[in-house]
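Take this structure first; my questions come after.
Here the chain labels run A, B, C and D in written order, and each chain numbers its own residues starting at 1.
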Amino acid sequence: MSKITKLPTALAIIVGVGHGTGSAGDSSINLARSYAVALLARSKDKLEQISREIQTKGGTADSFPCDVSSEQSIKSTFRAIKTRFDKIPLRVAVFNSSSSFQMKPFLESSRDDLETSLNVSVLGAFSFAQSVLSELLSHQEGGSLIFTGATASIRGSANVGCFAAGKFGLRALSQSLAREFGPKGIHVAHVIIDGVIDTPNVTEWLGPAKTSDTAYVHLHQQDKNCWTQELDLRPCHEKF
Amino acid sequence: MSKITKLPTALAIIVGVGHGTGSAGDSSINLARSYAVALLARSKDKLEQISREIQTKGGTADSFPCDVSSEQSIKSTFRAIKTRFDKIPLRVAVFNSSSSFQMKPFLESSRDDLETSLNVSVLGAFSFAQSVLSELLSHQEGGSLIFTGATASIRGSANVGCFAAGKFGLRALSQSLAREFGPKGIHVAHVIIDGVIDTPNVTEWLGPAKTSDTAYVHLHQQDKNCWTQELDLRPCHEKF
Amino acid sequence: MSKITKLPTALAIIVGVGHGTGSAGDSSINLARSYAVALLARSKDKLEQISREIQTKGGTADSFPCDVSSEQSIKSTFRAIKTRFDKIPLRVAVFNSSSSFQMKPFLESSRDDLETSLNVSVLGAFSFAQSVLSELLSHQEGGSLIFTGATASIRGSANVGCFAAGKFGLRALSQSLAREFGPKGIHVAHVIIDGVIDTPNVTEWLGPAKTSDTAYVHLHQQDKNCWTQELDLRPCHEKF
Amino acid sequence: MSKITKLPTALAIIVGVGHGTGSAGDSSINLARSYAVALLARSKDKLEQISREIQTKGGTADSFPCDVSSEQSIKSTFRAIKTRFDKIPLRVAVFNSSSSFQMKPFLESSRDDLETSLNVSVLGAFSFAQSVLSELLSHQEGGSLIFTGATASIRGSANVGCFAAGKFGLRALSQSLAREFGPKGIHVAHVIIDGVIDTPNVTEWLGPAKTSDTAYVHLHQQDKNCWTQELDLRPCHEKF
């Protein structure tokens, strides 16, 4: 990446940096070309690694360790972001969190497995969206709220019920919010990253930096007369 | 309904009797033509009303008050059913439970609203399905597990996010279970009852006994070479 | 099949008898329990075989060789049916025709391949539906118009573009007609028979008479407060 | 638009310039920033207007009047394009043609109405795709083939059957081609432009140049590890 030179006048928040889709890191860096970025995830180490990378390139980034399944954690994180990026208005928020993908026969699955999936993908997305939307509605310019889904968002497969239930629920939220907040000038979109999720070593397989990084930026930049609500992203060699 | 005369040699379990779709009562009565029926719901009164109606007509039915959102309640209910209908094998189970439908602006919704929806539609369905599937796999004849959905199962609308998240999640479970347990001889199906959910006084509007009662029976009776996974049901005058 | 004893007071028309889904023959026989049946297909031999089978069992059936891709052929066939079954009102019509399924690389496909698919699945369905709907609207009792689809109705696959284009187009017609004629009391439905289409020797594989025969009858018998617009049918062992 | 200064080293072909979606003109101009553009449509006047506009801005464009429903017309047009833009390799092709949208009760529709829709949307797309794909496979760099759909591509509505049948068929082709040619390095995508099609005076309503122009360019520029097969575009105020 070439040096980032513009001083950021707007803020992007990304939760779920470091998740297995391999896209969040690059998305963050890409968003950092135009925005100050607040990076949220459970793992402090991963956050600071990406944060430093952005800073080295001249961008503005800060890390906010956060447990997305906890409403309290999300609320206090948003307060911390507000303090840190005081006058910079939020424009883009990306929800990229996911419970870890695992295949398990249904009768060996526990309610805990299902609750973990719902806590992150549905309840986490809910609380994140409430904080984001309140913020976006507080200024005139509107903004974008983008959720990351997977093949399991549109298709339940054998041994994937718990994971899929969370991802389906997330997509339900996305559609509902798009229909409620679109007319208020807020672009809510859902990106299905296909195939990638099933692959053991995604980053290696995708190769260096060949990811969905530009899709999120493109979605946010769409003119309000041409908004995309749902799109899919998959490698050209992926069978689907 | 004409007198039921056959002695039941198999059992049907229906959870969510009395729910607003107006279908469960009639479904129960219809299933009672061929099966002993165990009726589950939160409200004891509604259960006993339908139960008595079936008994009056010569059928076999019993009431099991149950909180479907509680794993413990479901487990102890299944034990009670086992005791009551000792030698009669389970063949059909219908999950007809639903959190109450309400429209609410997203920013006025609480995590409680969402959790209520998930607890019934996803976690409740999960625990119910585990009990049902264990039972169905314990004998050779197979059987059917049928979930009831709504328009909100396939479309998130403004102000309906919490309800839709639960219904989407339920459909994810249904698809996953169909793909896992179909090859094991268990028919998992998902019935979308459209339009009805938006109507204030469904029973009145639908008129007497004009309901989906036969659809569930038909699904269970389908030959295993011709199983339906998903179907929709709606009134002919419904705009969709 | 046990002897058919009731004298038919209504008529069913089935086009595409003998098609590879293996369902039409049994559907016809099943419909013949309650209806006089007019059997349409290109091949006279197949028609007369099924027709005789029905007659042997005491049912009423007649054969009408017909090229479904020709508007003229459809129109003259409907006139012949009218003459033959003079006072018996049409109640059920099943469109089961299909161009033959073949996989072919796109660049080796010709416009003829595509036109053959469209002529049967879209234009054929169009003309058949016009004749059926005019007839159904001419009496008070309403009736059903049922189309048979395939996996290719909802998913375009590599090397199947021409076939899928026809099947997608048929589904478009089905949805449009359901929305236009449902409020007029005519039940338009679309049945996706999955998996079967990919199998070389369907009839053998499915075994004797284990087919979708009851689904069509069930659709027609649905109460008008509980109509299904789309359903899928597939063998329990089918991976999907 | 600012002056176009780069000399084009690759070619984009757009068929259906001037169609009512309001997008083609702007898409063409946008593509002309990076490509020489061959503009195809039935109406010579509209073509030359856009062509001149591009040339005035320093771009390279030429007009090719073409009847997309005729295989001969498409073939001879591609030969003419080849002659005109001799050494410039094709990289992007956009199929934006559509039969004119009209609502008509089904029983008043003629086979001609349906054939017109199929001839443009399915057979036209078929022949266009064959010419494009042969060309794209002839060089190493791959390229993109993008189809424009509408709400009627995924939903058949009352009185819209003929139009929808064509649009559904087009989407079937798009999915099939994506699955066949993706692994060969050719990006096939389908863009649903929602809502716009139902609006009497689209251009006025959309306002000046606020259109989907960037979506097509973005699709073509996607890295091959992150291809979109289907996306929707709609105005933020559109109810959907």
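As a convention for this text, a residue touches a chain if its C-beta (ideal position, glycine included) is under 8 Å from a C-beta of that chain, and two chains touch if they have at least 3 such contacts.
This one's a predicted model, so the numbers in the text were calculated from it and none came from an experiment.
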Review point. So if I superpose subunit A on subunit B by CA, what angle comes out, to the nearest 5°?
Key: 180
Practice item. Tell me which chain's centre, taken as the mean of its C-alpha atoms, is farthest from subunit A. Key: C
Practice item. For subunit A and subunit B, let me know how many angstrom lie between their CA-based centres, rounded off. Key: 35
Review point. What whole-number Å value describes the gap between the mean CA coordinates of subunit A and subunit C?
Key: 47
Check your understanding: In whole angstrom, what separates the CA-based centres of subunit B and subunit C?
Key -> 31
**Study point:** Shared interface positions of subunit C, touching two or more other chains
**Key:** 179
Point to revise | Complex interface listing, subunit A residues touching subunit B | key: 71, 105-107, 109, 111, 114-115, 118, 122-123, 126-127, 129-130, 133-134, 137, 152, 155-162, 164-181
Point to revise | subunit C-facing residues of subunit B, complex | key: 179, 182-183, 185, 187, 206-207, 210-212, 214-215, 218, 221-240
